[in-house]
Each structure stands twice: as C-alpha cells, then as structure tokens.
Amino acid sequence: MVVDPWLTKDPFWPLSEREPERLKEIDVIAITHAHIDHAAGVDEMVRQNENVFVIVQSEFGHSLEARGMKNIIRTNFGGTVELKGIKFSMVPASHTSSWMDQTGKREIFGTAAGYVIEFENGEKVYVSGDTGLTGDMKFVVSDFFKPQISILPVTGLFAMEPDQAAYAANVIGSKYVVPSHDFPKEVSLAADPEAYRKLLKRLPVLNSYKKVETFLEIMKRDYPHIETVYIPIGETVVIG
Amino acid sequence: MVVDPWLTKDPFWPLSEREPERLKEIDVIAITHAHIDHAAGVDEMVRQNENVFVIVQSEFGHSLEARGMKNIIRTNFGGTVELKGIKFSMVPASHTSSWMDQTGKREIFGTAAGYVIEFENGEKVYVSGDTGLTGDMKFVVSDFFKPQISILPVTGLFAMEPDQAAYAANVIGSKYVVPSHDFPKEVSLAADPEAYRKLLKRLPVLNSYKKVETFLEIMKRDYPHIETVYIPIGETVVIG
Amino acid sequence: MVVDPWLTKDPFWPLSEREPERLKEIDVIAITHAHIDHAAGVDEMVRQNENVFVIVQSEFGHSLEARGMKNIIRTNFGGTVELKGIKFSMVPASHTSSWMDQTGKREIFGTAAGYVIEFENGEKVYVSGDTGLTGDMKFVVSDFFKPQISILPVTGLFAMEPDQAAYAANVIGSKYVVPSHDFPKEVSLAADPEAYRKLLKRLPVLNSYKKVETFLEIMKRDYPHIETVYIPIGETVVIG
C-alpha cells in the first residue's frame, strides 16, 4: 500500500523502491490530492502494475479516467472503500487540488482529502495529506474515527506551520504522531539529487527541516504525553 | 417546492409526477450540487414552467446562466433566500459539484451545499444533500439552525456510510431523521426500469438498500430517542 | 497594507486614495478570493508599484502568474507568511472564488480564504473575507489564533446574514467586531457614482445598509459585551 506516490522526478523516494519489480508489489495506491509531490507518475505506476487499485476523490478520478488511466476507484467524503481487508475512509482536508498539464495549463483536479486507514487488527492511521488546521480534525477524525497514529504536515506555508500541527496533534489525540512534508536538508542527501536541484528552483524548501525541528521541540515541551515519531527520509520505523 | 430534481432519465421519480402540468405546479427548485442525480434536467423544468425559481450556489448559477438558463437565484454560504414565505438558508456540505457536458467533458460547477428550509410555521428541515460527516453539522446546522427534521444520505461511498450518518443524526439532534440516497432494490421496482438499467452500468448501486437497512438498525439500537422515518421511493409520508 | 483591493470601477474606494502616488505606498496586498469586489484591478496595482507583494491562495496565485502578474506570494491554509514584521496566516472561509475573463467566461480561481493578521505588537485582526458561518471560526480562528479584532461580512445573500454574523462574532469572542460588505445607501454617496450605478444593475445591493443596521441592533441587544465598531465607507476609525 502506498499513499501519495511521487514517482516521476521525486527527489526522495529511494530509487531502488521505484524499480518495476518493486512497483508490482503494490496493491493499493491512495491519493490525497493532485499536487505534483503527491501524485506525479501515478499513471506510470498503473502502467507497470495492472493489478493495482488507485483510490481517489471522485472528480479527481474522473480527470484521471479522462486521461486514459485504469483501475481507478472513485469515492468521496464520508465514503469507505474496503480492499484486501483494509478500509480507506475519506475525510476532509483544508487544502486544494490541481494539476498542471503538459502544456503548462493548470487545472483544478478534484478536491483535497485525507484518509483514515483501518487495518485488519482495528488499528487506525490518519493520513491527513496536506492540510491546514480544521475543525474536522476534531469532529470527524478524533471524535468519530479515533485513530491511534496521525501523520501530519508540519513544514508550513502550504500546510500547517509547526505550532498549528502540534496543536492539531494534541486535539486529535492519537497516541503517536508522525511529522511529514519535510525535504532533505542538503541536495546530496536526496535519493535523486538532480531532481531535487531542479525542484529547489521552483520551491525553496531546503530549510523545511528547521520547521520539523520546531515541531519536535513544541511536542516535547507542550505535549510530552504524545509519542512523536520522526521518520527520516528513506528510513523505516516500527511504531508501537 | 422540489429539492434536487433529476428529471432526465431519473429511474425513480414517478413518471406521472413528471408530466408538464405537474411540473408547472412547482414554485421553487433548490439544488444542492450539480451531480447528475441531483440536477439533470433542471433546464428542461424551467423551459416547461417559466414561473419557477431555481436557487443555487453562486458559481453553479453563473454556469447555468451561461448555458442560457433563466430564473436563477444565486446565493452562497451564509445567505438566506426567502420565497413565498419559505426561507432557504445555504449551509456547508462536505462534497463536490461537477457536471459533464454533451461532449463528455466534466467541469467543476460551483460548490456542493445543503439547505436549512424554514416554513411559515417556523418548522425547519435540514436537507444535507450529499455530504460526508463534517463539523458544520454540529456548529452551523445544529447549534445555529436547530432543525426539527434532517434528511441525510446513508448509502456510503460518495457520501456518509450508515455509521457516519447515524452518528451525524445524533449530533444534529433533530427529532426526526429521514435516510436518503437509496436506489430501488430491483430494476423492476424503478419508475423507469430502462433508465435504471442504464444507470446501473455506470453506478453499481443495486445493493444500496442494504446500507439503508444497516442505518435503520443502528438508529434503533443506538439512538432510539430519534424518530427515524424511512420514505420508500415514490411514496408519501406525513411526519409529526 | 491593503486587504482585498477593488481598484477598477470600485464605487467606494476614495478616488484620492487610488492615485498612483498613493498606490506606491502600499507594501503588501492580501487577497481573500477572486470575486470582482475583492480583487479587480490587482494587476494594475502591481504594474504601478513594482515593490508590492501580493499574498494569495496557491491556485489563485498560479492563475495570476499565468496572466503575467509578478510579485505573487502563494500560500495555503495553515501557512503563515511574514512580511515587514507582519504575519499573515491563511484560515478557512466558507465561500468560493472565481473570476470572469474578458471574453465573459467565468473560471474557478483558487479557493476562498480568510486571514489572521498579526502585527508586531502581537495584536491580531481576523479578516474573514466573504464567508458563511463555519465551525473553523470557533476551532481555528477563536481557539487557536484568538484575534482581538474581527472584520465580518453582515449583509447576507452571498455571505453571512446579520443574525449569523452576530452569532459568529460572539463565538469568535474578539473584543472588537467590525461589520463589512456594505454598500452606499445612495448612488450619490459613492466615491464613483457612475461605477456604482453600473454595479447596481448587476447586483441590487442598495438596501444592504439595512442589514448592517439589523446587525448593529442584534449586537447591542444580545452581545453588548462586544464593542461593535461600524466604519462608514471612506472613513477612518481608530480602534482600542
């Protein structure tokens, strides 16, 4: 299972994980929104693995189907899709969704969403996708779904700043919180340094690691009862 | 008054109700969003009844006007439109709105909404339209408007699953709740079986009645203080 | 600093304030959404003042850049932009954003937003932009940001009606609330009467002052602990 893959020119995803034989092991791709760093290359992944299912917001799915993509499962807020024993429930996100076509024209592509993913053992993970602080984190995610793990963006500007993210983590009340949306501290640390160098010309995100550090400090100081689990890019961490 | 008409190829709406003389009796049409099952054929209804007013979200209204439609009343979240003594207040919905034109191209058509409709006697009905669970059901609909009746989608995938809908019904706190968005259990039960057969090729909704049953069970078990009123397709029920 | 300028054909903005030398004094423009009365003429303002920065929601910014506009700072919900010591935090709004191009075609232009603006002394002003009542006024604006001043639309139809706005003011809990979105009571009172006369053909807003009066009455009657500060069009008021 992969959430928000970024295959094409992704500077971070380990290259060895992007080999065709590895892509064929993926059963389900769930996408939160169409921005390049969450969805670029999805069509390529489906071409290389015709058994994969792609869960997306309904209008986004229509747009992908209009481009010839197959294996799309369209859903919308409030809906739950069950695949291989795992339940994907689409929840609101305070964000947007658009896609730039090859002529450079940007189109609205559906609506940004998050997921609460429930595994066969009943454990739930909230993958917020990019989002600002919003009341549905309390009312929908926390009160109704009660996830044990929350993965939240913490690097600001296009989603929650560190202080908002820490506040959100506390309100949601998951036992574990995982900060996300960070970028490598140095070009040489990227899985694909050349792709990272190009990205940095458009998005100056080299200092996003500082926001992660701020988030970790706030969590430690204000919310020590929550276990904050930082997963360095390309690494694997076992939670719980 | 009609909310979310589906004139063209609607498999459910009794054919006798769609005769021109019946359509002419309609004073107001309020539309929650542009998906086919909520809005197809609205232009035809206005052509056959030039005295009808159509209340829609502002950008959706611009799109309809650009197609030559008349009698549009554009509004937006927070606004109240009063017509013939009835107040239509537009409230948020956690859903989307798009429309496929005759060339097959799908366009975003405004933004999905719900309505709180207040009658002359002060009774209020919340017609959520399609929506996922969202905090504005509590904060806007329940706390501010306090409707006596709530009509909620309960059949999942593109809107609330039965458990979310039951949870929502309890939080909103209306005395009566009416489950919606179900489809006939068998093709032969549809008002227009041929149209239903065609629809089923695109949307496999034959089993949606099971979700209604689940909803009714949850309401009976967990929220017996709420009167759940199921209105079979094509039938009429007097509430209260 | 200017929020939501309406340069071209704005009937209200004093003409003397729109002279090139005055426009050159502006450091930052923050836009809540693309509707004409909040954004028309922004490109002209940037042409006349190449030192100004324009803060907008990300997709709206892409659309402006595609039209050749410079000095755009794109952000999104949850993000904070700091310029000249002032922090602009983008918060949700329950509204929409679109723009009509010169051929008359209307396009979705980003997503509507509000701002919490924090000055160097720590004082915060919530500029909601056009919005309906929404739970994020409580959860994001009040609970997280706690602004001392709130500027809210009160004239209904396309944003909060007076009773919703008063309810919102109380929930947000700012010490001061400023009603907005009103229009001159008479054509002759407009800064540009000819522009106002043309506008009135499209938007019959001559009676919006009555909604302001209703809002002021509700605030006085139900929420006398909040200081409601009405700023007549074209005038200046010192708060606090």
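As written, the chain order gives the labels A, B and C, with residue 1 at the start of each chain.
Here is the rule we go by: contacts are C-beta pairs under 8 Å (C-beta built on N, C-alpha and C of every residue); 3 or more make two chains touch, one makes a residue touch a chain.
Quick caveat, the model's predicted, so the values are computed rather than measured.
Could you classify the subunit A-subunit C contact as same or different, where same means more than half of all interface residue numbers appear on both copies?
different
Only C-alpha atoms count here: how many degrees separate subunit A from subunit B in terms of the superposing rotation, rounded to the nearest 5?
Rounded to the nearest 5 degrees, it is 120.
Roughly how many whole angstrom separate the Cα centroids of subunit A and subunit C?
32
Would you mind listing the residues of subunit C that make contact with two or more other chains?
Residues 108, 135, 138-139 of subunit C touch two or more partner chains.
Which positions of subunit C touch subunit B when the two form their complex?
94-96, 98, 105-106, 108, 130-135, 138-139, 153, 156-161, 164, 167
What residues of subunit C sit close enough to touch subunit A in their complex?
For subunit C paired with subunit A, touching residues are 57-59, 62-63, 66, 74-81, 89-92, 108, 110-111, 135-136, 138-140, 144.
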